[in-house]
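Two complexes follow with chain A in common, the first pairing it with chain B and the second with chain C.
Entry: the complex of A and B
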């Protein structure tokens, strides 16, 4: 039998090198590779003459390599979810996007309620899982929520205060980005990338730029690599800081809530100091970065960074030393390591359950080749506390990284013209955004334009983690659990 | 309790004065476009071509920039710095859609509500934010107004959970097909008279998603009282717009 294609991260491989397995070979090979430790980073279908081509990209984190498996089929495909739950949403997505039936999928429902034959599909209408019994009841929330947050629909099956099950229906933010990328890059491509998830502008823009650069065989100038890393780590710091504040707010601990609200803004303003925009818009471009730092700016940034970090440390320390906060954080919303692995959770949420992988560590690019990112002694209890404390450790590490990088900017240009993209090739680009692993898979056509572009935001992996965190918990703990993940609706819905 | 008090002293007083001449934004911040029409020859139209959102049109030989579509990417200014420049002014909100079309340097800022509406809402405005199909950045910049830095509450403005408690809605995002019904229901649930604010390029014009069949936009029959441009608008732009609407800034 043909072996799966072994692939390196950011290696532009010829599309033809992707051997087409027969469906039966695929159904034998995929489970075998998944059992051997493969973690799905992308699984999607693209239309091809004679059917739909399924492409499954697996990461072997500890071997720092990828594998790609592919087959072509019609009408339906066999669901592997019953044995490999990490595929559950990928398979639902394939069923929805490619109009294929996922045979044997235990949970086959729409993912985004996307247009069908050009017509809208009523969102949130599906057969929700139901618990029946005299004393059970159902709570439905959303799409419009109480706070200033994105839309989504949540169904809780409860017994009194106890949550048996939470089902999350999304798609309200679906604005049809992926299909607009085909034939690109065009005028809007980088804007789509920067707004896949507005709070992860740098993460997604970097993943996109690296994909393009790999397809162009372009080398990013070293100075631009450092600038990108500074922006990526500032993005991480800002979001984690905001979330620590929000977590404090959810347990009614106002000092940290107020301090962190301000501090998040201070960190966003540092990004604005660099590129003019608080979210890092217009900064990362294929070939490098659009803005540079002057010595005066570096000095100003360092001053602000130190001041912000000092205050974040102070605000975070209050959390760990306040027993009423810790009593609410500890033991709440536990996701076991086994569950995290089975579901393929990523990012700080996975690390807090003891699954220690991080794209910056396992598939390092640029400055991360020479920098340690994983913190020692991180909690692995999988509860709200572990997710909160993991975020704090990551803020600390990001601060150290940015501090060092500001003073080690190599001289030279910040941009090199990338050149044309290779035709009939594909590339997998991974980036550790602040929520976790971002994966972009680009396939080019015979003119070197995008034939297909697949995006996976970390939230795609992690929403089910939130649902699991609520199992057997109190419904009143939902806001707290939710904030500890703080997943993206728009990144999921695309 | 003691440690909280010590922290409070260390963290200091952080609420900014607003409006104030002392507000310092990043020198790279891109605010109000200043268009030097006279410097434009009026026949190359390269700016209209380069603009990702179709925000620039050449009308009667002069460029017209639609702030309701602009995502402040700076490409036009890089192409033609003699004509396009983005200043430091964050005061961008307008009352009429047409006021967002800039040509030359005349700007028409948001106007105060009419006397009867001002009487009702001028000192207290409660808004329900409806996030309806964007990237979450506009929501983030609305949220930040509730932090102690901006302290929205001191102006009598508050974001509330229920539309029944609200005086109006603030819409962010392009309004996807999937949010159309929810937006309608939320709007209907707000007691009249009510206010509608469209915040961000997506809500105003569809932004970068304009024309996608997945999006619908704010329906014609929901009248908008305030347009706040930007992608996303700076928090100060939102705050300034809201306060102008209420007649708190002239």
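Entry: the complex of A and C
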């Protein structure tokens, strides 16, 4: 039997080197590799002459390597979800995007805006899991919500205040970005990447740029590496700070809610100071970065960073020292370590359940090769408290990283022109965005253009975690649990 | 007869100030300037000029809810003493009528909420009624403890009888009653830590979610009714902590109004320094209030 292809992160491999397993070999090999500790980072279908090529990319976090398995098939594929729940949404996506039947899939439903025999089926038009009984009731929330937030539909099956089951239907924000990328990169490609999920601009832009750079065999200048890390960590700080404020707001704890709302803005303004945009748009480009830091700007940034961090620390300390807040956070929305691993959760949500994965730690690039990112003594209780406290620890670590980096910027250029992309190649690019692992997989055609571009936002993994956090919980705790995950709708819907 | 009527109209006019004061105190703690203190007056003015929108699934119950609710509150206020001075409508046993009027207002709101057929409003109604099971006896027994101190079953009688000297002789009873009334006051007026009046999250709301479907003048009635309820329950606390001084009517009334503003400010402080309770824990808080009331009654009976 042919072995799966062993890959290195950010190493362009010839597409031909991807061994094609027979479907039977694939169905034996994939479970075996998953059982051996592989975590699915991407699983997608690629239209090919004579069928659809399924590509499953597995990460072996502790061995710091990737594996790719591939097979070609027609009409249908066998679902591995019953044994490996982490593949659940990936398989639904393949069934939807490639028009394949997923045989044996326990819950085959649309993921996004579906095309059924050429006709679009709007999102949310689907069967929902139902609980029957005289005392049960159903609560439907969304897609239009009371706050200014993105659209999503939540269907609760309840017994009084107790939630038996929550089902989440998304897809309302589907824009067809992946199909727009085919034949690229073009003028709009960077723009698409930066707006995949607006709050993860730097994360997605970096993942994209690294994929392109790997395909071009370009080396990013050291100064640009540091600048990218500064931007990525500022993005993390800003969003985590905003989340702490939102969590406080949800339990009606005024002080932290008010402070963090302002502080998030202060940190975003630092990004604006660097590149002119609060979300860091146009900062990261293939080959390096578009903006540099002058010594005066570094000084200004350092002052602002210290001031903002001091205030965030005070605001966060208020949370941990207020018993009424802690009483709400602790024990609410528990996701066990087992569940987190089975569902393949990523990012702070996974780390709060004790799954210590971090792309910056497991697949380090640039400055992360020499910096520790995981915090010691992090809570692993998997509740709202753990997710909130994990965020605070990450804010602290990001602050230390940015402070250190601002004064250790290597001299030199910030941009090196990348060459043309290799033809008939593919590359897997991972990045730890503030929500968790971002995975971009690029495949080039014989002209060195994108033949296929697969994007996986961390929200894609984590929405299922939110549904599980609510199981046997109180329906009134849903908004709090939702904030503790703070997942992206547009990042999921693409 | 004129003075009790002036008192009544003063209460009607000043009640919408209380939410404004609460909001300003909260804004102060949050480092914001906050909405104008008269915002509720502006909102009421705006709402009565709007055309209400009714869902096709609702019946007359839905339209009657806000009207009955407001009418009940207007009656409640007519029963209440003002700064220890009797009201124009006081009679022996008005204490019991007061409790039932609050019950009628609740029933009207709950029925109107259920009439919409919305799952959110159904959940809100269920929570409202569930918590009332604990809040109503706490409230009733607190009043009973006061009534036991003399003055009969009339609110005006009770508070005319309550003098600063009572704080010297029966301070444990009065302290327990004040604490119990304050908890009931927070719960009944859907304030933190029981409910969050500022949230937009339907799934966590109690009172706010029951009035989601109301609009225009109906909503104005509800807002005004809520302000009156805040005033009504607050005035009982004010009468206990600041018993009648037998000074001039003007001084007593002025002191009473200041005490009302103080209570509103205290609510603002409570809302600024603590988070909301988990819904499961709210009954425990209300049971605490109930226990305070029972203890107060036992102490009072033993005096």
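Definition applied: the second predicted complex is superposed on the first by the 488 of 494 C-alpha atoms of A that agree within 3 Å, B and C clash if a C-alpha of one lies under 4 Å from a C-alpha of the other, contacts with A are read in each partner's own complex, and residues count from 1 in each chain.
Basically, a residue touches a chain if its C-beta (ideal position, glycine included) is under 8 Å from a C-beta of that chain, and two chains touch if they have at least 3 such contacts.
No experiment lies behind these values; they were computed from the predicted model shown.
Within the superposed three-chain model, A:26 lies out of touch with both chain B and chain C [touch as defined at top]. Of the two partner chains placed by the overlay, only chain C lies in contact with A:479; chain B stays clear of it.
Between chain B and chain C, B contacts the larger number of chain A residues. In the superposition on chain A, A:490 makes contact with chain B only, while chain C stays out of contact range. In the superposition on chain A, A:161 makes contact with chain C only, not with chain B.
Of the two partner chains placed by superposition, chain B and chain C are both touched by A:147.
Of the two partner chains, neither chain B nor chain C is touched by A:453. By the touch criterion stated above, A:255 is placed in contact with chain B and with chain C alike.
In the superposition on chain A, contact is made by A:195 with chain B only, not with chain C.
Common to the chain B and chain C contact sets on chain A are residues 146-147, 255, 258-259, 262. Within the complex, the chain C residues that touch chain A are 26, 29-32, 119-120, 122-123, 126, 192-193, 196, 198-204, 271-281.
Across the complex, chain B meets chain A through its residues 3-4, 7-8, 10-11, 14, 25-26, 28-30, 50-53, 71-74, 128-144, 146-149, 159, 161-163, 173-174, 176-182, 186, 208-209, 212-215, 231-232, 234-235. By the touch rule above, chain A contacts chain C in their complex via residues 137-141, 146-147, 160-161, 248, 250-255, 257-259, 262, 322, 324-325, 327-328, 332, 474-480.
The part of chain A that touches chain B in the complex is made up of residues 112-115, 118, 120, 122-123, 143-144, 146-151, 171-177, 180, 187-188, 191-192, 194-199, 201, 255, 258-259, 261-262, 264-265, 269, 272-279, 281-282, 291, 311, 314-315, 318, 321, 488-490.
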